[in-house]
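Below you will find the structure I want to go over with you.
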Amino acid sequence: MFSFELFINALVAGLLLGGFYAAFSLGLSLSFGLLDVVNIAHPAFIIFGSYLTFYVNENFGVDPILAGLLFAVPFYFLGVAVYRIYYNVFEKTGAESLRGLVFFFGIFFLIEVLLIITFGVDYRLVRAPYIGKTFHIGSLGVAWRLFVPFLVGTALTIGLYQFLSKTFFGKAVMGVAQDSLAVRLMGADPIRIKTIAFGIGIATATLAGSLLIIIGPVEPAIGREYIGRVFAITVLGGLGSMSGVFLAALIIGVAESFTASFIGPSWALAVSFGILLICLAVRPAGLFGR
Amino acid sequence: MKSKGHLLHIAVALAVVLVAFLITNSMENRYYYKASYVVLQYVVLATAWNILGGYTGYVNFGTAAFFAMGSYTAVALIKLWKPPLYVLLVAGGAVSGLLGLGIGYLTLRLRGVFFSIATLALAVVLQMFMTNWEFVGGGAGTAILKPRSVPFFSNYDEFLFFVMASLAVAAVFVAWLIENSWVGRGMAAIRDNEEAAECMGVPILKLKLFATTVSGAMMGIAGAPFSYFVVFIEPSSAFHLDYAVNSLAMPMVGGTTTWLGPLIGAVLVGTAQQIATVTLSAEMNLLIVGSLLVGFVVFAPEGLVGLFRKLRGRAMGRSA
Amino acid sequence: MAEKLLEIRNVTKRFGGFHALTDVSLHVEKNERFGLIGPNGSGKTTLINCISGALRNEGGSILFAGTEIGAMPAYRRTRLGIARSFQIPKPFTSMTLLENLCIPLEYTAHAKSHGADVASEAMEILDQIGLADRADKLPADLTQIDMRKLELARAMAAKPQLLISDEAMAGLSANEVDGILEILFKLNEGGITIIMIEHIMRAVMSFSERIVVLDAGEKIAEGTPDEVVNNKEVERAYLGE
Amino acid sequence: MQKIRMASRVWMVALLAVWMVVSFGAPAAHAAKPLKIGFSMALTGGLAAAGKAALLAMQIWAEDVNKKGGLLGRKVELVYYDDQTKPANVPGIYAKMLDVDKVDFVVSGYGTNLIVPALPIVMERNMVFMTLFGLAANAKFKYPNYFQIMPSGPSPKTDWSRGFFEIAKKQSPKPRTIALLSADAEFARNAVAGARANAKKYGLKIVYDKTYPPGTPDFTPVVRAIKAANPDMVYIGSYPPGSVGITKAVREVGLNAKMFGGGMVGLQFTAIQMNLGPMLNNIVNYHFWVPEKTLNFPGVNAFLKKYQAKAPGAKLDPLGYYLPPFAYAYVQILGQAIEATKGFDQQKIADYIRKNTHSTVVGKVKFGKNGEWANSRALMVQFQGITKSGDINQFNKAGVMPVLYPDSVKSGKIQYPFK
């Protein structure tokens, strides 16, 4: 059953999937890795983004990617609001560890319920000209449906990376991650910086959501399937490293793709979780961590 | 003073069990047994969760995994030789207890949040294994025939109710014992400040492993009779996220620092859910749990027990 | 020659590429009042973390009363007789002051007989340190100085042979500093060896019999307070070149 | 201090006990008049889309009956609770309906997982039990008063996919190899297990046989692996997200197989059909009811008209071909049996249902072994001539999904091989 063609196609499919996973995990890496806010509800925000994308695509024929970009703005403010609550209730009082986790777990649940109440439990899909078409390079077939998310995921990674390492604000975010006292001495308000950074993390969720619904149908509870996966990628990538997340996403994508191609898809998810558990036990700083 | 307290509690516990037994001999309506069974099951789960989450400060998102492993251990044994129920309880508790020990050993040296993430992953991985294990039904699930009759009880539902009532009493009693012992005080020190606790001589790793093991075992025991209760078991319902959400929300609502908190939370939220199931729509049911969870975490972090204390403190302050 | 209670031989600790401690050797004698000073980031806290067990040293060895303790978990070192206070107080927030003290009493002083009645003992210590009237309060209700006292009281409750006091006086007024010093002198008279880490020079100099100076992870000076004050290396480390 | 705490705890425990008793014990008022039919239904959770459609169909039936004056003069009242697609909720719901609401009859919820947990309590009381879409749910219990409406047939697991193999047998060149892919869940696993048995029976070589977990985002690696195995036929047992993902991946990767489809849940749903559009062409898949002349049973069009009028408002499948007629039929049979036996005796009604052939909106129904249909009528249909996506009017007429099997209701010819 092993053939070179299958191998190369599995590799490419895995890489494409990985690019999408990167888009899915970047926001979490930003909040969890850099800001130490364990936003377990991140996948739910993504599904929320998927539904908004679906809504404008279905009713106004807006391209899903464009929709994702449009909703990034309101999502940014949503993120700001959530962080404000989180900060005032938990971080300020130093009670974030246990209750903060539970808080986000509750948010996760609430988003899911609100989606069910508004949209029902049916699977939703979007239409776009590139869905269902393939281009070929030799024996390699690449589906646009997966290639587009890969491109967007890559662009998002590069964008965030540049933003964090080149701009003043980005450096301030990295500064907060390492030592918020130093940032305060620099004259910046760490809480404001964290608020904005968290907002950006949530803003990426809508784009990830539109990618998700481009790839396949979405229902309100589907976010659950992704919780473990995004944490696997975030931890594996070394908390807070955008390039690390991207590489980790590619690794998980390829691992899943190879498992699906050569062993059987039923073990694909087990492989990524296996990687996570081993990583937690052996090298919790992640493969690319400091 | 101390031994007197113990005696009183043991007496109360036995009395509750006795009342449960008497109820089964005087009431016929099956629905109350079934509904109470579910509520009592949540008393066990919430109490178990709280031993690790509330006392020690480690959030377990994988209650469903421990619960389901108890159920599946029982299913495997039922398929093999149909042992009596107490064997299932012991075996389910042992398997889930070992699971707790293992996952604790893997991740408890790390920051608490990694433990939480690992429990999340654990539930998915185990569900996958059960889905692929054909002997216990695999992804297709399997029907379990419950025994037709059982001595002292007029039907099996009443018997299961009685068993679960006894387990709930036992669970709360164990929680009370832990809370009021040196072990519980050490756990509280870990929850408050792990580094300081260790520097004050508290063997933190040992205590945390003890907590994950006991908590896991109790969840496994709660899961063991589950297959007899539903008579049909398949992975997606045994590993349902609801178990994780509820067992976490209930102590949050009741209060996490005492044995009373999860008990109150489980009875109130569990009963409310049972009522909502037969009156409101399920969306509302979920909405209620979610809002309660967020609401209590934000506005009443000490839960109902904390609110109650605060109110009484205020009243006493006024009278004094 | 006095008996060596703590002996540190060639201890090294790295964080990634950063050398926090390089080849540090020192010893503390029984019943000594020992000062450890150095500029910010010189490795003082890293060193006491290695002694108390919060961190593991990579090279060298740490001996306490002749026993190698470098591989022991922190709680066992505490039970051997090493107790510490934290620079930033870390009380058990959900417990009253009395209960705070019961933890070390129960887990260290009476580790072999769990469940002994430790409340009266805890009360005695609170009384000694002047917190007895607040025994039922929660740490959140305490003032800065009382918080420091609680930190020391809790360390005392572990009934240590060696007490490490990590900047117990930072941010206190002159009067309050004297109060803490008085407590520490009293403890030392009671037979407890004390390592003091402090930025308030007045306090260290008046308290310590012997001082070791760290800079950039290395030991640069050792001697009596007078010797250290007049040491050129020390002057350079503190004032820069 | 300690003592006060103790006392307040005892109080709180006592209060809790009272709350439990009061809340469960609240007496349910019930009038004796109406005929109550109780059931649990998945109105939320994974099967909610189907459950809600089924409920609407049953409500239409109740309206129809009540318009004619009810059953034996008693108005029909449906008593139902949401089981949230959770088997654990089912025992409690049936106990409540029987012991508290005192319903006269119970029927099942939708799907095997939610039927089985209700069986023991129904069996204990020897009630008649009409059920909706259980796959061999009674195989273990062998309860004689159990009747299942899905037309899978006397040996449900293999009858289910037999059509797929019967069609293949007649083609030339005749397929020799087959690939099997199944979702990791109840129905799909059983359907593929049946297909596996059939493959052996029909002498096909199985060259690929795997399962995939829910939450698989991308199926291209799987489809490529299948393609690499080069099977002549591909039989899929999948749920809606997988069905869509697999169909898209197949169109993107291309497949050399001559027949593709089988047990893909979701391709029957209008929303998904509209989205996939021409990608569906040539897929041979199971179905229960399509608007072909051969399936135009008395009453079915009148029913669908009522259904389609109400479906958009309830956010349900606008056409309702797949499940709703059967949800109507299973209570229809119960109603007919009550009228025919002129009474409410459970055993008499069960005997009547077992012995007679029933004329329903889904045709003539006769039950056989284990309460399954005596003869299988699991349809195999093929999507043909779909030209664009997003257009509902392509799917509501004859000829788009001609029935290829069984021969008794066959209405079109296969386009072979799969393209």
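General observations
Lettered A, B, C and D in written order, each chain numbered from 1.
The rule is short, and it goes like this: a residue touches a chain if its C-beta (ideal position, glycine included) is under 8 Å from a C-beta of that chain, and two chains touch if they have at least 3 such contacts.
Owing to the predicted nature of the structure, the values given are computational and were not obtained by experimental measurement.
Counting only chains that touch, the fewest steps needed to get from chain C to chain D is 2.
Chain pairs A-D and B-C differ in how many C-beta pairs are in contact, and the one with more is A-D. With chains reduced to the mean position of their C-alpha atoms, the one farthest from chain C is D. Located most centrally within the structure is B, per distance between chain CA means and the overall CA mean.
In terms of their C-alpha centroids, the spacing between chain B and chain D amounts to 34 Å. Spacing of chain A relative to chain C, judged by their CA centroids, is 45 angstrom. Counting partner chains per residue, chain B shows two or more touched chains at residues 128, 131-132, 191, 283, 286. Among the residues of chain D, those in touch with two or more other chains are 44-46, 184, 211, 213-214. Counting partner chains per residue, chain C shows two or more touched chains at no residue at all.
Judged by the touch criterion defined above, the protein chains form a pattern that is neither an open path, a ring nor a star, and not fully connected either.
The full set of touching chain pairs reads A-B, A-D, B-C, B-D. Interface of chain B with chain C (complex): residues 181-182, 185-186, 188-189, 191-193, 195-205, 257.
Note for the complex: chain B touches chain A at residues 53, 57, 59, 61, 106-107, 110, 112-114, 116-118, 120-122, 124-125, 128-129, 131-132, 191, 241, 245, 248-249, 252, 283, 286-287, 289-291, 293-294, 297-298, 301.
Taken together, the chain A residues at the contact with chain B in this complex read 38, 40, 85, 89, 95, 97-99, 101-103, 105-107, 109-110, 112-114, 116-117, 224, 227-228, 231-232, 235, 266-267, 269-270, 273-274, 276-277, 280-281, 284. The touching residues of chain C, when paired with chain B in their complex, are 52-54, 73-76, 78-79, 83-84, 86, 90-95, 99, 102-104, 106-108, 111, 114-115, 154, 157-158.
Residues 12, 28-39, 128, 131-132, 138-141, 143, 145-146, 155, 157, 226, 229-237, 240, 242, 260, 263-264, 267-268, 271, 274-275, 277-278, 281-283, 285-286, 308, 312 of chain B touch chain D in their complex.
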